[in-house]
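Two complexes follow with subunit A in common, the first pairing it with subunit B and the second with subunit C.
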Partner chain A sequence: MRSLFALLLLGFISSPLQDHSGMIKIPAGELRPFLLLAGQNGRIKVHSFYLDIHAVTNDEFLQFVKANPRWKRSGVSRAFADSNYLKQWAGDIEIGDDRIRNSPVTNISWFAANAYCKWKGKRLPTMDEWEYAAGAPPVNAKRGRDLSRIILEWYDHPNPAVLPVVGSTYKNRFGVYDMHGLIWEWVEDFNSVMPGSENRGPGGNPFVCGAGALGTANKEDYAAYMRYAFRESLQAAYTVGGLGFRCAQDIE
Partner chain B sequence: MKKITHPERSILRYRWMALTGLVLVLIYTALTGCNQASGAKTTLSDTAAVIGEMNAELTHAPFVPNSRGAFQPEKVIVKIEVVEKVMKLADGVDYTFWTFGGSVPGPFIRVQEGDEVELHLSNSPGNKMPHNIDLHAVNGPGGGAEATLTVPGHSSVFTFRVMNPGLYVYHCATAPVGMHIANGMYGLVLVEPKGGLPKVDKEFYIMQGEFYTKGKNGEAGLQPFDMDKAIKEQPEYVVFNGSVGAATGSNALQAKVGDRVRLYVGNGGPNLVSSFHVIGQIFDKVYQEGGSQVNQNVGTTLIPSGGAAILEFTCHEPGTYNIVDHSIFRAFNQGALAQLIVSGPEDKVVYSGKVKDELYQPGSPEVSESEAPAEASIPDLPLAERIKKGQVLFETNCSSCHQPTGLGLPGAIPPLAQSDFLMNRQDKGIGVLLHGLNNEAITVNGNHYQGVMPQLPLSDDQIANILSYVRNNWGNKSPVVQEKEVKKLRNQ
Partner chain C sequence: MKNNIIAWGVIISIMALSCHKKSAFAPLSCCAKGDAIAASSLPVPLDGNAPVYQLQGKWTDAHNRLLELNELKGKVQVVAMIFTHCGYACPRLVQDMKAIEDSLPAAEKDNVGYVLISFDSERDVPAQLHRFAAQQGLGDHWVLLHGNPGQVRELSMLLNVKYQKLDDGNFNHSNSIFILDRNGGVRQSLDGLDPQTGLAINTIHRLIQQ
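Let's look at the complex of A and B:
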């Protein structure tokens, strides 16, 4: 179904550009998955890939909308983005509030994020890639400033009225910024782990009730539950105030 | 007394009645269309038609919505918005609460057995987290949790049929569940039996929950959640209705003498079991765990985490009643304290108040006092005896402030020795001992004093002894003060 949408989208995406500017090469490695699915041995191999150093900003997304008018706020189909799409902007091709020009673009649907990455000659990172890249510790991590602490401090505060700019939190050992503590981010296969939101069969949804304790590799990583629960609550046309994205690219 | 009846049981009762051939059951069968003869499992959804539609009245604690008291199931629409916001947890202490409806606990939902509930859960666009709701009143997977997982800026809707009367907890069940509950996401849903619960004069909604803050109890500022303390079940705060003092002092619950009071008490947890008690009240009825079993004459009742109870008592006496988790350090050190203020006339038969306070000194017969004499004949005692007893009482009750020398403390505590205030009028001294001084200005030997002298729990006999002593010591000289003189002033 999604690939069908992707094909449809290709119809109105223009001028793909090939470049790695603003990206960094993430070395190959292994990911210890948060959820252990049947048949997995506890390690997932992740190939080397390029990843955007920071999340896509309002300014960057504005260029995309100007080049692809079908993704204007007033023109986009409700099938591809709900009615809150880009609601922080003043107009179709006008951000308005200068303070958020370099802040991550949010209120963005999966379809819109996917289209942007395609336009850039890139793609959305897979969940495994994203989790692998996000698992790297902060550069110059001080004592007690480990990852889970950054995440939990973010959880402990309500969303700020004005979203901070990209690069304002921390840089990790892969050289990418703000993997935690600024926004949630779309991944290509955001709902692939889940059997679907309506599940009356055995096993149950792993992210509600006591079932959440089953099948996780690390029960203490409760900060990660929230990330997976968040992804589970999404649909591809949804837009959310604290949800943005960054792009990835294969190594040729 | 009408009990909350389990629908399965009522159906069984009807079946038994069918065997006896009662016409009633034929009417019931005709109305509901359920097939008694086949023995097929009967569910409520095919026994009662839902007629009409209404928006639920939702209330914030300590208030409870009105009972519909109806016999006909309706479609009830419940709309709740989840809001993440910073609120006060204690004086000077803030916390980022995750709330149903902007308050902790969430709104009280009151529906009736057989109702079809259409629940709308909205996640405020300004929120950061996904949320959902698991209502323990639901028969179905996750109690609605799976159907309502909702991202910020969206709403979810699901319907359920309430089939089991009782008082139930609802809570957020999004991973990590413990954290969502620890941040305040819980409330109560009451499913009344058909026709409603018996009427009472006052109903209140109280919900206990504990908070695990990084900083110790009382540490000021915005306090983050502490997962380690939550796992160890070592909270810094245990509170009723979301914050320390949410239902004490000027926020206390109010009732009148003679009122029958019903408390709907829930325990959100996330961990602790509550030993729920109202100091100075006995629960006439306890619907244990919010179910159909009614216990009577209970002092303290257990309320499990994620559970509830319906408690009823009668207000016989005026006064302030402390409501506590009788795991008692939680009440006096962590905040688990609410208050009920009952106003109205006293009934000395039910509760006399303190009738007497006397020294208890085993082995010292000379200072022990005889039983209070009958009112009709209060004997006068000689001055020497009153002075002797008065000295002991003075040293116990008065000398730490007025000093053994009777000189007081300059500028703060007035002197008794050669005090014009004390010696000019005997009745003034009696009045001060009877009622204390509450920041009233007095002049003693030309000096002004303004302060508090506590009202001491002294009997008329003891006051007579103390006054006889102080008015005949340190150079003071006056006649003996007798008990009946004190009594006369007390009764004025």
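Let's look at the complex of A and C:
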């Protein structure tokens, strides 16, 4: 009887629908966006939300594939993930190289990342949420506290043969790890940057090229420019070796 | 003729793949322009349901009925993503779709459906979609769909439609009309705001024969 009461109490404390383990609450705040869009006044309000403390690992993604066989490497439709999907694994449900078990899963498409987060009762962070969370300064970085120096040094080095494990770079003031310096990350609306109709090409598609950069809030922010240009070059079925993801969740 | 189509398909796929490598690995190479154009005519294999109809989840139409996208199967579908508070581009897209409907020969009219999917999950509730359909004079061949933001984003990724919600509740978005075969394969994307009615009619005619 007493244990039943304890279970009930536990139920009150952590609702079964909202599992925040491995996540941290990011407080509400404002983001100064890299690209200024028509209808924006230079500050974007970001609501409070939960964010995974680290990127989803190969091991975690393996659990998802085991539970959702349609996301196996051999079974997934090419429209949802291109042919490099999970190519670092030894097999459909076998990682192989033990060194990458706790490294971020990469070579996954937006559709796969989106499906993983949904399966967890979560969602992908929006670009604004991600940029806001990633803008917080490091608290334990070896190379000092300057974020752009960390990023540019990372850009400077080729991808390591074995991707380091999550949590191996730095923690930021919000308490999340590796927002820069380990991998690029998918966001929910990665392809939605629309600098303005005058920049649209004959296909009706907007480009983040020279013209787009004119609308930037900080023309010196080369690191941010790289992120926006990279995102713009992606499509949702693409998989890339240095591109992974983490999930977010609304505050209920 | 069929071999010809397959050969073109292979060539276009290779083009798309080579663009992919370039753009994905060299972020600064700038502009996925080649991709966009290749993708607009990328054929989708017809073995069973095409990806669009594999998307799971219920949508709500203007009559408050629940439906899944694969219920659109069987007809050729002309599809666009819009929002009804849109002042300029979306009415143009709807007009272009109506021009396609009006230009079809009577014998083909019943083989073709028209689908409008809203970005605006907040304001484009079924009642608003119903009002919009009445205002625009959209008849029985039209389906207007409301979905949750996650569903809408997923579909937009498959169709390669870009949109972004603005502070004032409106949306920036790319403008395309898609022609889907009977299994949901995207067989043509008409990009931009210039009406391409003749091209659309030809494609629809071909797809009805298949």
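The rule is short, and it goes like this: the second predicted complex is superposed on the first by the 209 of 252 C-alpha atoms of A that agree within 3 Å, B and C clash if a C-alpha of one lies under 4 Å from a C-alpha of the other, contacts with A are read in each partner's own complex, and residues count from 1 in each chain.
We adopt the following convention: a residue touches a chain if its C-beta (ideal position, glycine included) is under 8 Å from a C-beta of that chain, and two chains touch if they have at least 3 such contacts.
Small disclaimer: the values here were computed from a predicted structure and weren't measured.
Q: Should A:188 be classified as contacting the first partner (subunit B), the second (subunit C), both, or neither?
A: second
Q: Quick check for you: in the superposed arrangement, does A:229 touch first (subunit B), second (subunit C), both or neither?
A: In the superposition, A:229 touches subunit B and subunit C alike.
Q: When the two structures are overlaid on chain A, which partner does A:48 contact: first (subunit B), second (subunit C), both, or neither?
A: A:48 sits against neither subunit B nor subunit C.
Q: Just to be sure I read the superposition right, which of the two partners does A:156 touch: subunit B = first, subunit C = second, or both, or neither?
A: Touch partner of A:156: subunit B, not subunit C.
Q: Check the residue A:118 against both partner chains and state whether it touches subunit B (first), subunit C (second), both, or neither.
A: Only subunit C; A:118 stays clear of subunit B.
Q: In the superposed arrangement, does A:238 touch subunit B (first), subunit C (second), both or neither?
A: Both: A:238 reaches subunit B and subunit C.
Q: In the superposed arrangement, which partner chain does A:110 touch: subunit B (first), subunit C (second), both, or neither?
A: After superposing on A, A:110 lies in contact with subunit C but is clear of subunit B.
Q: Using the superposition on chain A described above, determine whether A:77 touches subunit B (first), subunit C (second), both, or neither.
A: second
Q: Taking the contacts subunit A makes with subunit B in one complex and with subunit C in the other, which residues are shared?
A: Residues common to the subunit A contacts of subunit C and of subunit B are 82, 200, 204-209, 226, 229-230, 232-234, 238, 240, listed in rising order.
Q: Using the touch definition up top, name the residues of subunit C that touch subunit A in the complex.
A: The contact residues of subunit C facing subunit A are 20, 23-33, 35-37, 39-40, 44, 50-51, 54, 150, 153-154, 157-158, 160, 162-164, 166-168, 170, 172-176, 191-193.
Q: Spell out the part of subunit B that touches subunit A in their complex, as residue ranges.
A: 84-86, 96, 125-130, 132, 134, 140-143, 145-147, 149-154, 173-179, 222, 224-225, 227
Q: With touch defined as at the start, can you tell me which subunit A residues reach subunit B in the complex?
A: 82, 84, 107, 152-159, 197-200, 204-210, 212, 222, 225-226, 228-230, 232-234, 238-243
Q: Quick one: which bits of subunit A touch subunit C in the complex? Just the residue numbers, please.
A: It is residues 37-41, 44, 77, 79-80, 82, 110-111, 114, 118, 123, 188-189, 191-194, 200-209, 226, 229-230, 232-236, 238, 240 of subunit A that touch subunit C.
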